[in-house]
Structures are given as C-alpha cells and as structure tokens.
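Got a structure for you, questions after.
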Amino acid sequence: MARTALDQTALELTNIAKSFGGVHALKDVSFKINKGEVVGLLGDNGAGKSTLVKCISGIHSPDKGDIIVNGETVKISSPEDARDAGIETVFQDLAMIPEFDIVQNLFLNREIKHKNPILRWLGWLDTKAMTRRARKSLNRLNTRIPSYKEKIHNLSGGQRQAIAIARAVNWGADIVIMDEPTAALGVEQSAQVNELIKVISSQGVAVLLISHNMQHVKDTCDRAVVLYQGTSVADVCVNDVTKEDLVSLITGATSVAA
Amino acid sequence: LNLDNLHDAEKSANVVLSAKQIQQLKAKKLTAALAWHGSSTWVSAVTNGAKQAFEELGIKVVAITDAQFDPAKQVADLENISAMNPDIILSLSVDSTSTKATYAQTISNGAKLVLLSNPIEGFVHGKDYAGIVTDDMFGMGKAAAELTSDALENNGKLGIIFHDANYFITNNRDQAFREAIQQYPHISVISEKGFVKEHETSNIAAAMVLQNPDLQAIYVSWDSAAEGVIEALRSLDRPDIKVITHDLGVNNLLDMATDGNLYATVADRPFDIGATMAKIGAGAILNKPAAPVTIVPFDKVTKHNIATVWQHAFKTSLPKLLNQALTQ
Amino acid sequence: MSVQSLTLSQVKQLAIKKEAYIYYIFLFVLLFFAALLQDTAFLTVSNFMNIVKQTAPLTIMAVGLTFALAVGHIDLSIGSVVALSALVGALLLQHTGIPLAVLGALLVGVTVGLINGLLIERLQVSSLLITLGTMGVITGIARQLTNLESVPIINQSFTFMFGAGSVFNIPVLLIWTLVISLAAYLVLNKLSAGRHLLAVGGNPNAARAMGIKVTRVRLYALLASSTAAALAGLLYAGRLHGARYTLGEADLLTVIAAVAIGGTSLFGGRACIVGAILGSWLMGMINNGLILSGFSTNEQMIARGIILIIAVAIGVKEYRNG
Amino acid sequence: MSVQSLTLSQVKQLAIKKEAYIYYIFLFVLLFFAALLQDTAFLTVSNFMNIVKQTAPLTIMAVGLTFALAVGHIDLSIGSVVALSALVGALLLQHTGIPLAVLGALLVGVTVGLINGLLIERLQVSSLLITLGTMGVITGIARQLTNLESVPIINQSFTFMFGAGSVFNIPVLLIWTLVISLAAYLVLNKLSAGRHLLAVGGNPNAARAMGIKVTRVRLYALLASSTAAALAGLLYAGRLHGARYTLGEADLLTVIAAVAIGGTSLFGGRACIVGAILGSWLMGMINNGLILSGFSTNEQMIARGIILIIAVAIGVKEYRNG
Amino acid sequence: MARTALDQTALELTNIAKSFGGVHALKDVSFKINKGEVVGLLGDNGAGKSTLVKCISGIHSPDKGDIIVNGETVKISSPEDARDAGIETVFQDLAMIPEFDIVQNLFLNREIKHKNPILRWLGWLDTKAMTRRARKSLNRLNTRIPSYKEKIHNLSGGQRQAIAIARAVNWGADIVIMDEPTAALGVEQSAQVNELIKVISSQGVAVLLISHNMQHVKDTCDRAVVLYQGTSVADVCVNDVTKEDLVSLITGATSVAA
C-alpha cells in the first residue's frame, strides 16, 4: 500500500496556528501529503481537526504558518482560492443548502451551463445534463436515494453525507479533504467510500481523511498524522503501527516526534 | 369661540405694526418657534411669510417642527421647543384635546401663542393665545361649489372625493362645499367616496368613473389629492370630466393651463397667513390686542388668472414651465 | 446540527408547497368580488387593465424586492428611491432628453443600491437598520431637492413611454410589468445567478464554503431591488405627468405583503417571481373591489384586513388538504 | 447539518457581541449632541426627563415587541392596538372609574394578542401577514368606534397616573418605564420562561424535541407584545389628555429600529431588554437634539438617517476592535 | 450478557408505519425491549431508523401502529408525552440551541429552579446549581470542553454530541434512545459512552441504540433489530450472530423472520 512512491508533495503545511478568542484551536501543525497518498488526520474531539480543514479550504484564515500546494506557497483566503488551488472538501457539517434538491446541491457553484454560447455566457443552466451526471456520480456510491428532486432536508443523515462526498470527488481536484466522511454512513456505503478513496488516490489525487474509526484508517490510509490539543504530535506510516498505538497517540498517552 | 361664522372676523390687511412698534421689537432680540402640523408647499409658504415678517422685526426663528399629523409628535415637539424658551410660538394644532395641556405648559413660561385655523377648546383669547389666523374655509368651500356649477353649466352629475380623516380645515371646506352644492337643484351628487392618504385618490377616482361612466365633474379635497384623480382620468381617457379642488400646485395648474381635466381651484394665501401670524405674535409682546379671529382672503382660480393668484399666494414668481405653458 | 436546518426547513417545506397557494388566493378573492359586485364594473376588461396599470409600479418594486429577500436582506429604502428617482427624472427632463433623464433616474437607484450594499456588507450589519437610515436620508433629499414642490413633466414621449401609452393596444405599463417580470423570472429560475442568490439566502455559510462570493451576490441583490424601485419611480412620473416627494411613500408595506403572500420567504432562500406579481395584483384587486363595493373608508380597512387573513388561511388549508 | 446552524450562529455570534454596542452608540450620540448644542438646554436634567417622558410609550412598546421578536415573530399590529386601547380606555372613563377603564384598555391588547397568536399558530402562517391583516382590522375599528372624533379625558387621577404625575419628584412615566422594563428583564434573563422564549426563537425544532410547548410559548410572546402596546396606549392617553385614532400610527418603524439597534435579533433567539430601552431613548434623543439644533424638517430627516447609519457602523467598529 | 433476565417489557412497538408524501419511511415495524436490555437498531442509510426514533419520541406521529410502554398503550403525540412516559432521546441532529451555552442546553426545559418556594413558583433559575450538576455529568463522559459558558456553535462536532448524550442520560428515564450517539466521538469518548450504556442498563433502564458500527453493536447490545426499507426484518440475539451476519441482514442479502 506504499503509494508514496510518486513522492511529489501535493500539499504541505508548516507551523499552522489558529485561535478563537482565548481558545487556541491550532498551535503548531506541520505535515505534508504526496500525490496519490491517503493521509489520515487523527485526534481527539476538539483536537483541532475541523479547524485545520477549514484553514486549508479557505473558511478560516490561519493566524500563522504557510500552506504550500504543488511546491508553491499559496494564500488561501477564501473558498474560491482553495478551489483554484485544486482543493475540494467534504465538510463535517456537509455545507448543504437544505431547501435545494440533490442535483442543485451537487452542482452548487459548479453548474453545467447551456451549450449555446450566448446562453452559456448568460449563465443559463443545463438542468438535464446536471441530472444525468448526478445520477452517474451517486451510483458510484451505491446510495439509496428516494428521488433526485428530493430536497436535502428530507434526506436521512447518511444520504446527505453520500451527496457531500459525491460532490467533492466529482471535480477532478488534486487534493480532496474529507472530514469524517463515513460517520453517518451504513456499512456498505462506508465500504464504497473507502473504495472510492482508493480509486481517486490511484489517479494521483492526494486525500486527507479525518476519522475516528481506526479500522477505516488502517484500511484506507498510507500515513497518519495525529493532532493533540492543536499540535501535530505524530506522523507515522499506518503499516508500522497498530490500532492501539494510534489510540494512545490520540489520547496523548505516548508521543512520537512529528 | 365659534369659527362657524367668520363674518365679523378681522381682515388680515388690517393687521399692521407702526414704525415705532417695529423699533421697539427690534431692540428686544426676540425669538420665535413654528410648530406645524405637517409639511407641504402650503406650509412652506406660511413659514416663508412668517420668517420674512419676523426678519423685518428683528426676530430670530429658532425652531421649525413638523408633527407629521401625529398629536403625540406635536406634543413632543412643543416640549422640545419650550426647552429653548422662545418668545413667540406660531402653531397649527393637530388635535386640540391632546395638545391643550402642552400649549398651556408652554405659555406658562411666557411665550405668546398664535394659532392657525384650529382653535383650542377652553383657551381664552388674549390670555392663553394672542389670536387665530385662518383662511375662510367656508367661503372657500362655497366658492368651489360655485366653480363646480360653472364647470357643469349648472346642470350635471358630480362625484365627491373627500378627506376621510379628522382634520379641521379640510373637513370644514368639504362640508361647506357639500352644503353649498345642494343649493344647485340641477347638479346631482351621484357618488361620494372618502380617502385617508393622498395616494389613494387615483384608485378611487378610477373606480368611481368605471362605476359611473356618466360622471361629468369631480370635486376633490385639495391639490395633491387631485393629482391622482387627474392621473386616473387621463389613464381612462376621459378628458371630458372636470375636476375642482382647493390650493395651488404646479402639476395641476399646468394641466389647467393646457386645458386638461382641472377646471378650477380655490386658493388661499398661505404667505399672508404666515406674515399675519408673525405680526400678531409680535404685537402681543407689546400688548397690542388682536382680534380673536383674523381671516385671510382667497381667490377663485381658473386658467386666465393663474399668474396673479400665484403671486398673491406665494409671493414668488411663477415656475418656469407653468409660465411657458401659459404664454404659449 | 441538522435540527437547526430541519427546523427552518420543515417550516420552509410547508412554505415551499405554499408557493402554489397564491393562485388559489387570487382566484378566491377574484370570485369573491365577482360575486359581490355582480352588477358593477368589476368584472370588465377595462377594470382589470385599470388594476394592472395602477399596480405596475408596485409590481416592479415587488419583483425587485424579491431579489433582496431571496438573499435574506430587507430593503426599506425602496419607497424613498421611488420619489427621488421620479424627481430626478422629472427635473432632468426639463433640461435634457429622455435618455439622459431615464439614465439619471436609474442612476439614483444604482447609487442607493450600492450605498446600501456596501454599508451592509462591509460593516456586516442588519439590512433593516441600514436601509432604514438610507430611507431617511433619501426622503430628506427628495423633499429638499425641490422644497416639496411637485415637478411637472410635459414631455409627451416620456409620458407615453412610461405612462399612458399603448403599443398595439397593449398598455406600456403592462409591457413594462411583463418584460421586467420575465427577465427576473429567468434570472431566478434559469440562470446560475439565481441559484447563487437562493443558495446565499438558504445557507450563506454553505454557499461561501462552495466558493460563491456571498458578499458580491448580496450586493447585486440590493442593487436589483433599488434599481427596480427607480424604474417604478419613472413609471409613477410617467403616469402622473410629474413627480412629487410623496411618491412611493405608502408602498413599502403593501409591497412587502405582496411579495410575502406570493410565497417568497422573508428570511431568504426562497423566492417566487410569479407570486410577487400575482401578490401585487391581488393587493390592487382588493383595493379596487372594496372601493367599488361602496364601503366607507373604515369598513374598507376592516374588510381589507379580514380578506388578507382569510386569504392567508385559505392558502394554508389548500396545502393541508393537498 | 451544522453548516446551517453555524451559518446562523456565526452571524449571531457577531451579533451577540454587538449586544453591548448600544451603550457605545448611546454615548456617541449623547456626546455628539452635547458638543453640538453646548449653549442650549440639551444637557439639562429637565430636557432628559422630557425625552424619557416623551418616549415612555415607545419604550413600553419596544419592550413588548422584544418578546415577539425573541420567539421569531414580528408584530405589526402594535401601532393600531395603541390607538384602539387608548380610545377604549378614554370612552370607558366617561362612564366608569379608572380600574374598569384600564382593564378594558388592556383587554384590547390581550384580545388582539390572542387573535394574532391563535391565527398564526393554528394556521402556521407568517406573523407578518397575519399581523398586517389584524393591523388593518383594528385601525378600521378604531376609526369607526368614534367616527374619527377625539375622545377627551378629564379624569385628573387618570392623567396623573398615566401621564403628567410624579411621585417623590419622579415622573410616573419614568416609573412605568422602569417597572415594566425590570419585569421584562427578569422574565427574559432570570426565569425559565425567558429561556424557553429564546430557545423557541433560536431553534424551534430543538425546543420542541425537548418538550417545550413551542406553540404556547409563541402565543404568550404575542400576548406580551400587544398587551404592552395596550399599556402604551394608556400612557399616550394619559399624556395627551385624550385619545385619537391616529395614536401609535407612526411608531411602528421607530419601535422596530429601537429594538433592533438595541441588539435584539429580528429572526428570533436573541433578545436584549436594556438594549430596547436604550434604543428607544436613543431615538427620542436624536429627535430632541435635532429639533434643538434648529434644522429644518428635511434636514432633520437627512441627519436622522445619517446618525442612525453612523451609530450602527460605530457599534460594529467597536466590536471589531474589541 | 443476557440481561434480558428481568424480562419485563419496557417498550413494545407493533406494526408502526409512517409515510412522507410518497416516501414510505416506515412500513411495518414491531419489536420490544425489556427493562435493562440494550437493543441495537440497525439498518442501511434511509432504512427508517431516525424516523422510527422520532415516532417514539413524539416528533412525528406514526400513521399506524401502537407504542406500548410498561404494558400500557400510550399515545405519544408530542415530546412532552414521550418524556412523561419516561423516554429520553439523543437525536441524530442533537436538538441543540446553537446560541445557548453548554449548561443552558443541558438543562433545556429541565431547569433547576430556585429553592425559595415563591421564586421557584415564578420559575426563577438556580444557575449555580445547574452549572455544578453540568460539570458532574459531563465529567462522566471524559469530554474536553473549553468552558461551560461556551456557546454550542463554537464547539467541535464531538463535543456537541457528548453534551447531547449527557443530557439524555441525566434524567432518570426508564427508556433511553440514542440515534448514532458515537458517530462523531473520538475513540476514548466512544468507549466512555459504551461504558455509560452498560451502567444505565444495569440500573434497569432500557436502551435503544442506533449505530452503523458493528463492533459497537457487538460490544454493547443484547439484541439487534434490523430495519430494511422501513420494515423490521430481523430480531436477533447479538451473541448468536457474527458481524457479517448482521451486515448481510442490513443489506437485505439474507433475512430472518422478525
């Protein structure tokens, strides 16, 4: 499973810090992800994982530190910047518009425009094409969906999560970040997501995966980075450690130089 | 005090101050405040008249308020004004019951009060207030009826759009019109509808005409309300229906000048009202008695005398467009 | 937590289905008056043309406001923009031609929209408070501009184009209503711009996370709202052959009611242009019907309130049964 | 999905810190006028008493409206309740004593609140539309009741208790303001009832899931809002020695602005009574200061708008720096 | 682990059905839970688990079927009814007021009133007592919380979930229902919740636990009920089956008479 062979750094973080008022959510986080590599980001509740994800994807701007994408330091001060840098994210809160339907959410700000160049220029939507592509990309995840016209707020927790994942992997990004993507998913759907992660990473996409499930981490990730109270305390190859090792790193029982 | 009979009222032309009185007043460095009921070009003209007269007397106007027809706002305005201790207050009371106590409070500080049109029940002339200046509301209503009869050549069907709110001047004028028009046996009032806000008159007029296509003339309470009526008549393509109203406004006078729907209007003289109030207030400082009621004359306005009446009312030259239209 | 979204969304779900209910309400009120006013002019083509023409400026304002509401903003300044744009247009007409006058008037709308938008978005403060402030400022300016004088318009082509004219027997006011509404409908329902507006209103954080320029979208929405109001000002001026500082003053609540009854959410994320149009016609029809029915002013007020309440109630009944 | 709640909540977070900003705004406007009006009566105790007395009915309305807004409702009918309650009180005073007259007037508020609440909660429809409807109905009734006549009040004890009186040199209007505000403050901040109000406004579904009777809580909030308006009507009647159908008519927007600038959210879930009081005093102070500074009506309007905008902007600046 | 010995039925459901428009979320669900028993409710995404939970806790009312608590058929038409029947629930969406702080959320509609009987009658809050008890009950869950005055919307996903769990188990209910309580929790916190479940069930509380994690189900539950497309298709003793058996029941590959 050592797909680190490509060995070109897709994303590198150096000394990221971020506070909210008195809460120091991130103190000092550094690690890198190579192309085609799947890195697990582990840590206790409140360790700062989601905050880090938000810093990389432009929701928050870090107080300190650099984000380096494909060898260049980039300033990611908005989600557009992140997207321009080739980063797509599945947020823990899913970032959905509750009263939009499935297709509308899948193609939010990535709408397919009409083929006619004038209409296209106006931003005329090609609803049919979007419905077609939505079907295709959701089928990959094996999700049971009542209807593509169903509004998001009528869906079950797992159905929503599947849609958020489909949205992120759909856009040929170089880097895909997933914040607890399988938390609400059923067994089969989880397996499907793991499969999907393998497929996209084999295409050279770098994946940052947050999970509390050690089994999933062992199954999917090449390396694991552990956050402890806002600091990256370990960066290990998952094959070199046991589940129990990971857990003790997460809980701060042991520590490895990052 | 009864305003229903204005026959023995003093004429505004008779309110004058002698050169000596003017000198005395100038020496006193007095201040005045104007507490109006609302704003309109009519109120502006009253203000201008008062301001000019005060200026000639060396009296400084320190505050002008607009109650927006809200008695509570007027009470607050008067309270705020009395913090400045003006010597003279000119005011039109929105509601005599509500404002009475505050007026009483204000004059107890020594200010002289001159009222416009609306009397305060229980106030004693010479003690509580120096005088009331008013236009001849009943005369105006009657004049509007005469003009209506002219417009219809004493025979025809009339609609009335009246001000359906409790407001002294318009209520009296509308009532006087109603009573006067009954004296014309061949003029029948076939529809009568009220409005609260000016902008409603367009819908009302349109509905009235659609319901009574044989209507020949419409009386409406005042000028800016008449704008909506004329607009509706234009929109329904009924140039034959004549409109009679009160007060002067450029838009409608232009319509009259270009032979539109407006047949005639009745105009009072707001500038003179203001000037007269100022003089009565100033006189009161010198203990010069004034009549309980002073009336300011009005004019019937039709196409040929627009220019003269405008000058009477506002003491300014005719607006350019109107002048153009009249001299064409 | 999805309770939050479910909360809003369950409420909205109810409401979304209600989008359709404006049709039923409209029909109900129509039938009500048709029955009540059998032998009057109510059920005539000319009366309906009359209603449509009278409500044209209201309809345009309602369509514009729909954009502001779609992104979750309220725009209280639209009434004052109507007055200022009409006055500016009328004043310019005294010196220049129609194109410049129209441009000047619309520029009033654009400027106010920009000011509103920049203040609200830069300062991140309540649109209600800012537009209440600009409403005061603009009203003051409109009153000061001509010192409460009306400004007449004698340019016949202008009053034709924006007021009394007809093309092939279709009143220009109807044409204006339809053209603007159609454009708004397409933007909201067929273009990506509309998607983004509704996304920003529905969940601004999710929209931002997906890379939508939330601030810019909100700014455009406020621009649309006040530019539409400026156009409404021109229509008023054209109809009245002149402008006055009181124009538009009384329209604000009517417009908000029209838009809300048409199915647009006052909290953002849901908008219905057809509803806004029918809503404003409904208001016009109620006014007209009540005047024709010969009620006194007081009775009209009471009846208007009751009809509004029953209309809203019926809309919901319809939903519950369906 | 917590994006939704984060959305709302991040916005609200910003806003919650802003609760404090009304103090700064108030201070800023105070200093501004104090500097501008150095040699006038502005900075005198009697002038401030004046302002407090003038705004007493507004303050009471603002406090009441805060309850409605806390649960996420708007109540447009408060202005009309003021008029009707004042008229009913004044009419009853002609036949009976003060207790019955006061009871009758307050009953107007209770009844309207009940009607609003039952319609909104039973039909599950927009409070804006329903209260717009009831506003029309009540205004119509108030106009009809005395056929537009004012009703004078000659009962001295009444005008003492609800208007001009003082106890130990403290004006009764100030006492009314403080007593009602204190009660409201305690309910919202110290009692479980207040928690439930804010919970319902913050996330009605979560509140319902926790067993709070959401419908009932919302009904109580609307009751509070219109009963407070009825009391405001009595204070107007006491101050003006009589009642008139136009009372309260112009207050709605001012009250909404006062409450909003005081830090209460218009979307529910956040309420600040002290803010509502300071907000309404602020409005009174701006009016007073502008009149004392001798501006014309038009200039006053412009200045009022600009002050409002600057005040809102300053409040936010304060937050950003802090 | 056969704690079914008490053998008194705490909760029984018979033939529950619920539809939303055209979507039949629940078609026919029947099972029972004895006192002191922990029952896992399993099923694919969209199988109807959350809908069932909402029917039991009074959010939805079922279209059909009976809910029997302690031998008596109860009509649960509101969350108060559920509470009166002794049922507490951790909802999948957690049911929190985002702008309330932790203590306020913990005691929502279960406020501790002042000791003084008059103030108590008025509903005067005893904030101090609530803060004290909040500390105690959260400590049991071993959660790291920045401050008890922190607003819910500033907390991480896992922190929120811990609070929702603490709230439900705090009130001495007879029946506790948990909809994916550990989905967002860290390893340690999850273990703590499992421990807590054991503690309350040993005190005779009946627990209904929804989870997609078969390991957790095996570790905590006595029996498992499987929903498949709105119908209860299996009711098994977890000791009698393997994880794989459960998965194939969930995905509809095999079926057992319920």
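Miscellaneous remarks
Chains: A, B, C, D and E, in written order; residue numbering restarts at 1 for each.
We take it that a contact is a pair of C-beta atoms (placed from the backbone, for glycine too) under 8 Å apart; a residue touches a chain by one contact, two chains touch by 3 or more.
Here is each chain with its UniProt name: A, E = Sugar ABC transporter ATP-binding protein; C, D = Autoinducer 2 import system permease protein LsrD.
What you see is a predicted model; the values in this text were computed from it and never measured.
The minimal number of chain-to-chain contact steps leading from subunit B to subunit E is 2. A centroid comparison over C-alpha atoms places A as the chain most distant from subunit D. Rounded to a whole number, the gap between the C-alpha centres of subunit A and subunit D is 48 angstrom. The distance from the centre of subunit B to the centre of subunit D, with each centre set as the mean of the Cα atoms, comes to 35 Å.
With each centre defined as the average position of its C-alpha atoms, the distance from subunit C to subunit D rounds to 28 Å. Multi-chain contact residues of subunit C (touching two or more other chains): 1-6, 8, 10, 143, 203, 205-206, 209, 297-298. The set of subunit A residues touching two or more other chains comprises 91-96, 98, 152, 154, 157, 160.
The multi-chain contact residues of subunit B, meaning those touching 2 or more other chains, are 39, 164. Within the complex, the subunit E residues that touch subunit A are 20, 22-23, 43-47, 49-50, 92-93, 143-146, 154-159, 162, 180, 183-190, 212-215, 247, 250-251. For subunit B in complex with subunit C, the residues that touch the partner chain are 39-41, 44, 164, 193-199, 202-204, 206-208, 210-211, 224, 227-228, 231, 234-236, 249-251, 254-255, 258, 319-322, 325. By the touch criterion given at the top, residues 39, 62-66, 68-73, 75-77, 79-81, 83-85, 95-101, 164-166 of subunit B touch subunit D in their complex. Across the complex, subunit A is touched by residues 2, 5-6, 8-10, 12-13, 16, 190-193, 195-196, 198-199, 202-203, 205-213, 269-270 of subunit C. By the touch criterion stated above, subunit A contacts subunit C in their complex at residues 57, 59, 78-80, 82-83, 89, 91, 94-100, 104, 108-111, 113, 122-125, 151-154, 157, 160.
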